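I have a structure here, written as structure tokens, and I will follow up with some questions on it.
Read from first to last, the chains carry the letters A, B, C, D and E; within each, the first residue is number 1.
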Amino acid sequence: MVISLDSSKQSVKADPTSLKEPRIVRIALTTLSLLFLFIFLVMPLAVIFISALRKGLDVYVASITESDALSAIQLTLLVAVIAVPLNTLFGIIAAWCITKFNFKGRNLLITIIDLPFAVSPVIAGLVFILVFGAQGLFGEWFLNHDFPIVFALPGILLASLFVTVPFVARELIPLMQAQGTQEEEASVSLGANGFQTFWHVTLPNIKWGLLYGVILCNARVMGEFGAVSVVSGHVRGLTNTMPLHIEVLYNEYQFTAAFAVASLMSLLAILTIIIKNIIEWKTAHR
Amino acid sequence: SSSDSKGNAETVNLLNVSYDPTRELYEDINTAFAKEWKQETGQNVKIQQSHGGSGKQGRAVIDGLPADVVTLALAYDIDEVAKNRHLIDKGWADEYADHSSPYTSTIVFLVRKGNPKNIQDWDDLVKSDVSVITPNPKTSGGARWNYLAAWGYAAKKYDNDKLKIENFMKQLYGNVQVLDSGARASTTTFTERGIGDVLISWENEAYLSLDELGHDNYEIVTPSMSILAEPPVAVVDKNAKHKGTEKVAEAYLDFLYTKEGQKIAAENYYRPRDKEILKDYQKQFPKIDMLTIRDFGDWNKAQAEHFSDGGTFDKIYTTN
Amino acid sequence: MTLSQHTTTPTKRKKITVLPGFKLTLGYTVLYISILVLLPLSTLVWNTMQLSWADFWAVITDPRVVASYKVTFGTALIAAMINVIFGTMIAWVLVRYDFFGKKLIDGLVDLPFALPTAVAGIALTALYAPNGWIGQFLPFQVAFTPLGIIVALTFIGLPFVVRTVQPVLENVGAESEEASASLGANRLQTFTKVIFPELIPAILTGFTLAFSRALGEYGSVVFIAGNMPMKTEITPLMIMTKLEQYDYAGATAIAVVMLVASFVILLVMNTIQWLVSRKYTV
Amino acid sequence: MSITIQNVKKQFGDFTAVDNVSIDIESGELIALLGPSGSGKTSLLRIIAGLEQLDEGAILFDGENITNIHAKERNIGFVFQHYALFRHMTVFDNVAYGLKVRPRKTRPSKKEIRDKVMTLLSLVKLENFADRYPNQLSGGQRQRVALARALAVEPKVLLLDEPFGALDAKVRKDLRRWLRKMHNEFHVTSIFVTHDQEEALDVADRIVVMNKGHIEQVGPPEEVYDHPNSPFVYDFLGNVNLFKGRMQNGQLVNGNFSVDVPEAETTSEAEAIGYVRPHDIHIERTKTFDDAVQANIIYIHAIGPIVQIELHRDDIDEYLEAELPKEQFRALELKRGEQVYIRPRQLKVFIPEDFSI
Amino acid sequence: MSITIQNVKKQFGDFTAVDNVSIDIESGELIALLGPSGSGKTSLLRIIAGLEQLDEGAILFDGENITNIHAKERNIGFVFQHYALFRHMTVFDNVAYGLKVRPRKTRPSKKEIRDKVMTLLSLVKLENFADRYPNQLSGGQRQRVALARALAVEPKVLLLDEPFGALDAKVRKDLRRWLRKMHNEFHVTSIFVTHDQEEALDVADRIVVMNKGHIEQVGPPEEVYDHPNSPFVYDFLGNVNLFKGRMQNGQLVNGNFSVDVPEAETTSEAEAIGYVRPHDIHIERTKTFDDAVQANIIYIHAIGPIVQIELHRDDIDEYLEAELPKEQFRALELKRGEQVYIRPRQLKVFIPEDFSI
């Protein structure tokens, strides 16, 4: 989503009552929307937290500090720490390339960047098995060199990278397109080089959008299940990420623990939302 | 091997790739084996566990999951591992006693407390008002035993009249309301979601459900006839050789056949092969008339006939 | 994400040659995307080619697989349409009305982006199972029926529509609406004739994204679907099934079908959008 | 239709955008609302249109209070600064919109709509553009479509918010002439907002000069231009030279010279400012008037019928601007750098109440 | 620094935006690039700045070919139409930017930067606004910051793309005077783009009139205004009356009257158009000249020093516009509806090559 960088929005926007729907329509629409959101978003969230805390705080804490849970958290964080910067860098570079230059095949490139949105996570996982699996394209080579890709960190990383490739780029492209290139041109005409221009002019202008893209990318990296499930190998305490660990717990009938870890991830989601709101607020009040 | 000479400080890692319902079993086995191994060799052994659908696990090993041993639900899955990339030596099934299957189980019914639908045998599952839960045999190795058990019962009942058997199976699966992808998911559906009157389940899973989810809510019904489920084990020779863990891997599987190993299996509701131990747990394991996979030829045959594309299972859903 | 607004980029873009790094950034972008996306995806096709055409055809037209297409496309379509209706409505309410807790609600819309799909699947199943919080009050069964799939897909697709429509709605000129009012149109006429046409490209984009995401969704659906062959089995699950049976060629064949479908849908929708917006966007 | 604006007040939060404004507009008049940015022109126009609600006061159309009547029932044509054309409709559909959305019983037939729209399009000389989309038109063409669209509903009142604000200087000039002609043909009571004094002076029957939410002056262009009743209006309506000085015995003393200020005879010892338009500065080569002061020609800008001359006064180190017809300029044979004598022909003195001007 | 533009050509796809343009600009000149929208002004300016690459031709600074020199090394100050200020930097930081990004060895010290920036800010009268952000400034203030920023790097050439395009009429007028003063002080070779002919005439030393990518005319304001060498320039540089007619024996025949056209003596039987500026229309009450024709006064606009009169010619049913100084107007005692005699004092005839004008 685009954060509305709306400091430029007309402050003189009208709010005449004659342009509003009848009160009854307004109330109906609002109620319906809230109801929908309540059923589809609030209730699932409530299920997670209530189930997680059903057996009390002790069980909750124990569930998320148990060693397999901790190693899952560690792995997830590790993947995020590597994948997010890589995709962020890619996002910035791709957005720069796409918005600051006009070239043939530009739209095709955007579509390809979009593609991972539309590819099933199962397929995303599968393709890496096909490339790096022992029977895959390069599998033999990596195997012989004792450098496992799939069923190890690199595979999980690749799958996570794949599914989150578009996030930062997609966030930045419309933003940078809307901002145009004039400030950059001004910078160049004042004698700044490319890096100075990017650092002093472009980056400050996109920083909130960038941060938002990073947050979303991060959330998705941490939360990815399908693709990672295919390439993980599910080795307890070794290649289980948090979502996989949740599944494991769930399969062990440890529902409370499963929901406890899930609630941790939901907290992350909520944190994301809070940060996003702060971002929007900051953007609006600058 | 090299690890022996280096002495105590060294820890050897062993990866056991197993299927879903063996989590609790191997948790106990691993602790016991590690202790024993330490005593015997002074070496620390850390056994890492991977669980998942049996087929998925076999595939993962083929694709490079560096398992030292595989302990799967079906011989078929190990056959696949053996076939592809020759990870396992051909005669693996005869490496260990009892077709390399140190413990067994059988297929039973889990019903709700008081058995409200009065389900006693396979015939009751095809009644129109009975709702059945069982996993998808295509994605769950364990569920293939379920399927074969039912098939075996019908074969006997209808004297191998293929049409009638298929009809019976069709009715049975027609009663299946949720076809989860794995055994554990089915159990959850039956217990947590409250769906279905009966869960077709491995005996050990049924007992575990009682333990984990309450004796007050469910009871186990043993059908008149079932199948001897023989989950096999094997050392993944190529991997073990590569990692230099052959010895400990073999010892690990050997351990399953020891008295201690057998006892642990029995305590986790797997039927031990060891006659004496089985006797000790007699109460737990009622005697049932049991078929074996050999009644179906072998796994390759069973797989081809029943579970491959266009097999009898597919027919249940694609013809009417 | 914002979503293929690239179809509506201004045509009069200045070609910049003074800004540095064109070759470098383009090279990096293409290389990265090739290694990470294109090369892996191409192995799908490569693997499929191990099948003869007849085998390929047999795999992808197997009745269960065909049934899974129907389930997948049907539920994804319905979910995307529900999202279009409610997503647009929610975007409208969030942009136009003030009410207590609006910021919070606004933030909540992103939840499905951030929540692991498996967790969502488990939570939704718990809610909609016949003995669940919501399920027990419903006269019909939701979980383990196609309805359940629709619920899960609606959940994961909601933010796509809201987040594409919202910014456009914010920028739909108040003046257009005022012009309409001053020309004597009532509120409904203003909405259907002036505001809605402006939203169409964004709604189409949101729809496309929600739809194509729903086509591929696996994690949340397997928990709630029931996975009954011919009834509630989705295509990604069919791919998984093939894999569990060591049938790589079959799995990739179906995957190729899905990939082509997603790509064609993206392309068709982008084209429609382009046709719609080309006429009147500057 | 006559419009009466009675003591209208509009606040945004603490800020008073329109402050107790009253105007009487006769039927068929063309009124310009002129003022700097933020002076409340748009707000007032929108209040008249019913697009904005007022806090106090009333709006009367033909004596009838319509303050609480909904915008869509006021029968007003509104032309927006940025045209606000419907982007997804053709020119034809844009113009037809107001007729198409009428309730069925008052809606003209398809053919009637078609005829009407085509008549209007030919009026604005766009009959060949009926099938184009707004983005295929130039700015001036778009503005004409906006006008045709507003006229299609046969409004009794036409309101235009900076109708030419977004256009090129040349196009602007053409369109404002054209607006006058349209107005003369249709005789709809029209109010248009502008911050361009030339535009207001050129087109309007009467000008309403606004400043900070209130009205500074209302009157015909000549009156407002020639007899501004406040320094603000003086300054806003054209170039002006300021003679800052002191009042002494009914005379404004400024540097070497002093002028009689009959209207302020009694004022004494107060700071005062004399306002002189550039064309009211008299220039001579030799000192014929006693009170003429000496100045240097710094810059001559001799294009078109009027020559602009920048001068520097030696006595008090200030700059002045003078304008004179080209013929007179030729007769005087003025050159850059030369010394001349100047004298204000007409001078309006305002005595600032506070010294904030 | 002198600038030489040699046969510059720029294409966008099939479209030629700048077509074989050559101009010589002397050091210290203030040049206006004037032309309608889309005529290629911005493109040319950007080519000079190095922001756009040219397809053919060369740019020379002081005789040195800099065509292939990167924008950042051309030592140019560029002022963008919409200012392009760095939004996240204060006014101070904006102005200091060009100095701060210099390579370490040529970068002034912090104090030097500070002093320089404050000097510039006081020059543009914004010394009290150093800590504000651009969005806290008015349009005119922003434009001045943009100018200060461009001047901070001590450019040899200053390029301004419609520097006042986005400003109010009043503010525009103030700023253009101010630009002239700045230019006079700094004596930097400056080129500014505008589509406002008044602005160009008012400010520039020389005007380059562009149309459809090529140059129509180059010259000082008076020359371009008084002796346009094409109908386009005539029309674009001010109001003009068209006398459409035929050439007969070296005379333009138009309705009841005919004028000698010495420069086209030989042309005969061709369509021709005479161009007359409104202030070159002579008005008299009684027919003193033979070739005067009769006209009706339709509208009088008598504000300021110049009176505009709209007339309708009886002989050929056409409208005319005339301008005369107020004094003359008073002397003639003209009234709306009266009949007068008119005669073009000066008339320039162009014989269209095709009839597309």
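Assorted remarks:
Quick note on the criterion: a contact is a pair of C-beta atoms (placed from the backbone, for glycine too) under 8 Å apart; a residue touches a chain by one contact, two chains touch by 3 or more.
According to UniProt, the chain labels map to these proteins: A = Sulfate transport system permease protein CysW; C = Sulfate transport system permease protein CysT; D, E = Sulfate ABC transporter.
Remember, it's a predicted structure, so these values are computed and weren't measured experimentally.
The greatest centre-to-centre distance from subunit E (Sulfate ABC transporter), using averaged C-alpha positions, is reached by B. The chain pair sharing the most C-beta contacts is A-C. Averaged Cα coordinates give subunit D (Sulfate ABC transporter) a centre that lies 24 Å from the centre of subunit E (Sulfate ABC transporter).
Centre-to-centre spacing of subunit C and subunit E (Sulfate ABC transporter) amounts to 53 Å, using the average Cα coordinate of each chain.
Centre-to-centre, using mean CA coordinates, subunit A is 38 Å away from subunit B.
Taken residue by residue, subunit E (Sulfate ABC transporter) touches two or more other chains at 50-51, 71-72, whereas all remaining positions touch fewer.
Counting partner chains per residue, subunit A shows two or more touched chains at residues 14, 18-19, 135-136, 185, 188, 193, 250.
Within subunit B, the positions touching two or more other chains are listed as 62, 84, 185, 192. Residues of subunit D (Sulfate ABC transporter) touching subunit C in their complex: 49-51, 71-78, 80, 82, 84-89, 97-98, 101-102, 133-135, 149-150, 152-153. Within the complex, the subunit C residues that touch subunit A are 1-7, 9, 13-16, 18-22, 25-26, 28-30, 32-33, 36-41, 43-44, 46-47, 86, 89-90, 92-94, 96-97, 99, 103, 105-120, 122-124, 126-127, 133-134, 151, 154-155, 158-159, 162-164, 166-167, 170, 174, 177-178, 181, 187, 209, 212-213, 215-219, 235-236, 239-240, 243, 248, 251-252, 255, 258-259, 262-263, 265-267, 270.
Per the touch definition, subunit E (Sulfate ABC transporter) reaches subunit D (Sulfate ABC transporter) in the complex via residues 36-37, 168-170, 173, 195-199, 201-202, 221-222, 225-226, 236, 238-239, 277-279, 301-306, 308, 323-328. On subunit C, the positions that touch subunit D (Sulfate ABC transporter) within their shared complex are 173, 175-176, 178-186, 189, 193-194, 197-198, 200, 279-282.
By the touch criterion given at the top, residues 7, 182-183, 185-193, 196, 200-201, 204-205, 286 of subunit A touch subunit E (Sulfate ABC transporter) in their complex.
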